[in-house]
Amino acid sequence: MRYGEILTAGVLALFSIYLMVKSAELPIGFIRGQGPGGGAWPFWLSGIMLICCAMIALNWWRQTSPPSRSDEPFLDGHGWRTMVFVGGGLIGFIALIEIISMYGAVAVFLFYYLWFLGRHSLALSLTLSLATPLLFFFFFEGMMRITMPTGMSFTDPVFDFLYDIIY
Amino acid sequence: MSITKRALLQLSCAGLLAITPMAAMAQEWEPRRPIDFVIMAGPGGGADQIARFIQSVAEQHDMTSRPLVPNNKGGGSGAEALLHVNAASDPDHTLLVTLNSFFTTPLRQANLGIDIQTFTPIAMMGVDPFVLWMHVDSGITDFEGFLAQARAMNGEFVMGGTGTGQEDSIVIAFMSGAYGLDIKYIPYDGGGAVARDLAGQQIMATVNNPAEAKGFYEAGNFVPLLAFSDERLPAYPDVPTIRELGHEFSYYNQRAVVGAPGMSDEAAAYYRDLFTKVYESEEWQGYLQSESLAPLWMDADGQRAYWNTQVESHRVLLSRLDG
Amino acid sequence: MEILALLGDGMLIALQPLNLLLIIAGVTVGLFIGAMPGLGSVNGVAILLPITFLVPPSGAIIFLAAIYYGAMYGGAISSVTLGIPGASTAVATTFDGRPMALKGQASLALVTAAIASFIGGSVANIIFTGFAPVLASVALSFGPPEIFALMLLAFATFVGLGGEDIPKTILSICLGLVLGAIGFDQISGAPRLVLFDINAFLQGIGFLVLAIGVYGIGEMLWTIEQTRGEVENNTPKMTARGMASDARTALREGWKGTAIGSFLGFFVGILPAAGATPASLMSYGVAKMTSRNPEKFGRGSVDGVAAPEAANNSASTGSMLPMLTLGIPGSPTTAILLGGMVIWGLVPGPRLFVDETEFVWGLIGSFYISNMAALFINLAFIPVFIWMLRMPFTILAPMIFVLSIVGGYAATRDMFDIWLILIFGFGALVLRRLDYPLAPAVLAIVLGPIAEPTLRQSLLLSSGDPMIFFTRPVAGPITVIAIILILLPALKLFRRKKATPAIGE
């Protein structure tokens, strides 16, 4: 945790500097008769962020904030495993949206989570992971008229069929 | 196992059924998906109102087999909408409702990599004129009075608009250039906010579309002083045009529907037919009249040519603005 | 008296069988739309607009108003049960609503939200009925300097929101403000902070993208990690008697917050550009400041749920005022309602109140009826939401993830934003683990894009002279109060630090 605290403060400080540099593409000073330039607002706020990072680092060095005193690891073995499985699952979910459509990705993700991570029965996992996207389809496309990504063209027949039902 | 079989069965069923509309398509193209009806402005603005009106007309007369789904992408002066439509994965079901930022944004943001000539012309639904307005309480009733006041205030005369590079700022820049005025310009985030702050007299004058200021005009709060149209507007017959004052200038906001780059000819033909029907509908004709829009109907080639002339004239107008 | 007669006629219109049916349907649909993270009244109203061609204009706008009310009640539901604010107006509700749900008091939180919303809506309706035209001119007197002063006041309430660690709180606020500045500079029209030169950043980062990332993904990951996936299920079963006692508790402990929210909410809500988010935030801040037990806020205070909920309902009703009296949208939702009026052949504007009395009073009458219907329908559905909370965590968690992603897409319709949600989620997990408060960032991304342009518009008006915030009759006092409120905690801190060694001796 102690290590994580200073590392995060460092990353945030770098990000603040990046934001300051990026803001400086527009005028950051006070333009006479007009007020601050276009980059002033984000530039000076990023500057305050940088100062805050320095103060966090100071607190870390003096060990005055709870995370800087904690010897507990940022994530233990179990924590890392959970993050890889759940976080990885989410990355996979979003990556799949553009391939097998939003609804397909929802079904796959739910099944993965329920059956593999949640250790629920196969019947329950399958029912939930198939019923949810179907329900979503009728809610979003049928009622709300919000179209979700349909993925690559091989999913077309399924969607043509579904759209024929609701319109 | 049984479940997989069922899923397979469903899939094949779906495939079979899907062939039916495809067979029909051989004769005439029809949309098979909800149509992504992208609007180059946030909810509530003039462009949004028009897009929703068009959608409602199509809906009311059941003109499409799949609905037009309004999708507001107003971010970055329409850059968001242009990028979205430019990269549309399904160009046959993607339309864009444009205003003049269709011309100005690619000019101002060359790095977007947008070439508007790759877009597919569909329909020109009308053009929206601009009018100079002041508040009744200012006591000013004509353009001469406006000029006198603006000159007398010597740089302290405050006008509001929707932002540098936007339609109204172009008009204001031309006007100040032509009459040597020094005007303080306050940018707002939409035509509605501009009209509101004129009603509250936070600003002294605006250049708005008649549609945005009409309610206040009818209630007797706003006075129209000058129209930036070619001819006098039928709804405001006493308001002179800038042409009558000897300046070869007119400026309109285009209200056009454009298809995504790469739209098939069949789809384009379908949409042209659809929007011709909308255009000819009683509702749209009534809307044109009540909101003082001017008709400017033209075919696809005419629209492309129009885009070219608009891009060129905006290049000149924008350079004047920045310089 | 004339007003009462008009209102009576309006209510009778709203109570016609077809219109009543529309109200009930609208409220129910709105409730679920509002409860879905990502979707709000804007979506509901915009998308259901075409359906309204089936019924006459007065029925149509009544239906849309019912959806509007339903969605506002629904916003609290996802804040309490899922911990994801479905709209920026509901962020303040998570501060105490979520801790209450985690303590097993989800039903009390939901009942409090429903009752506070009802009272807030009713108070707003009554003020609206009596004083609409007067208030409209008050709203118009708010120009950019006044709005900025108001934003300053909203920021003042931030000071009490952060955690113990002051540099981390300030960093969080600034991060939110800077993220809100990404995209275009409204004043100069130039692109700004296009991070890594990715054009997709031109559209800016919306509130929902950050909120869903932080609460829907980050907070969930954090919970899973902390509890090792074994969240205790301490939500008790729902009974009719339990609900009745919840209602009594809500009234007894939350009356003060409700009262503050109802009145403050309305007056902030009628102001152009301000809207319900600062209203709910300011009410929360004021309720905390004036409370006898401010330390309970943030840990599950009933007042802490009542104040923002009363305020956001009251403010949303208030934001109808500029729409009806002046034809000016006070929020994106009312902007679309205005579009609807044009489609139905009405002319929005100052004449509407005079020329279309039947329509205007039918709408106001339906506000009263919708508000009442929303209370009962909401209370009736609370057991359903409680039942959802009682599901095993390994089912609830993936469902929340799916709702976050699908809802996030529905709101922005952009895959880039979905990836951003995920990145914010992972970032939030790290920051959460290190005790960075994140609520200030989420609120700052809403208030920043209002505060910065109004600041610069004001300075343009005054040719760069900052005295404009002090010399204008309305802006002046607000600015002074805001500055005092911001400096007060700093002074206290200074005094406490001085006092500490004395105690040590």
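Note that the chains are named A, B and C in the order they appear, and that numbering of residues resets to 1 at the start of each chain.
Convention: a residue touches a chain if its C-beta (ideal position, glycine included) is under 8 Å from a C-beta of that chain, and two chains touch if they have at least 3 such contacts.
Note that this is a predicted model, so its numbers are computed, not measured.
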Most central chain, judged by mean C-alpha position against the global CA mean: C
Comparison of A-B and A-C by number of C-beta pairs in contact, larger one: A-C
Separation of mean Cα positions, subunit C and subunit B [Å, integer]: 31
Distance between the centres, which are taken as Cα means, of subunit B and subunit A, whole angstrom: 34
Subunit A and subunit C: spacing of chain centres that average the CA atoms, whole Å: 22
Multi-partner residues of subunit A (at least 2 other chains): 145-147
Subunit B: positions in contact with at least two other chains: 67
Touching two or more other chains - residues of subunit C: 187-188, 413, 460, 463
Interfacial residue positions of subunit B with respect to subunit C in the complex: 42-45, 48-49, 52-53, 55-56, 59-60, 67, 70-71, 73, 75-77, 79-80, 83-84, 108-109, 111-112, 156, 158, 163-166, 184-189, 192-193, 195-197, 199-202, 214-216, 218-219, 221
Residue numbers on subunit A that touch subunit C, as the complex places them: 1, 4-5, 8, 12, 19, 22-23, 25-26, 30-39, 41-42, 45-46, 48-49, 51-53, 55-56, 59, 65-67, 74-75, 78-79, 82-83, 86-87, 90-91, 93-94, 97-98, 102, 106, 109-110, 113-114, 117-120, 128, 132, 136, 140, 143-149
Residues on subunit C engaged by subunit B in the complex (per definition of touch): 42, 46, 49-50, 53, 139-144, 183-184, 186-189, 191, 197, 199-200, 202-204, 272-273, 322, 326-329, 332, 334-336, 338-340, 342-343, 347-352, 413-414, 453, 457, 460-461, 463
Touching residues (chain side subunit C, partner subunit A) in the complex: 29, 33, 39, 43-44, 47, 165, 167-168, 170-171, 174-175, 177-178, 181, 185, 187-188, 190, 192-195, 217, 221, 224-225, 228-229, 392, 394-395, 397-399, 401-402, 405-406, 409-410, 413, 415, 418-419, 422, 425-426, 429-431, 433-435, 452, 455-456, 458-460, 463-464
Footprint of subunit B on subunit A - complex, ascending: 126, 141, 145-147, 150, 156-164, 167
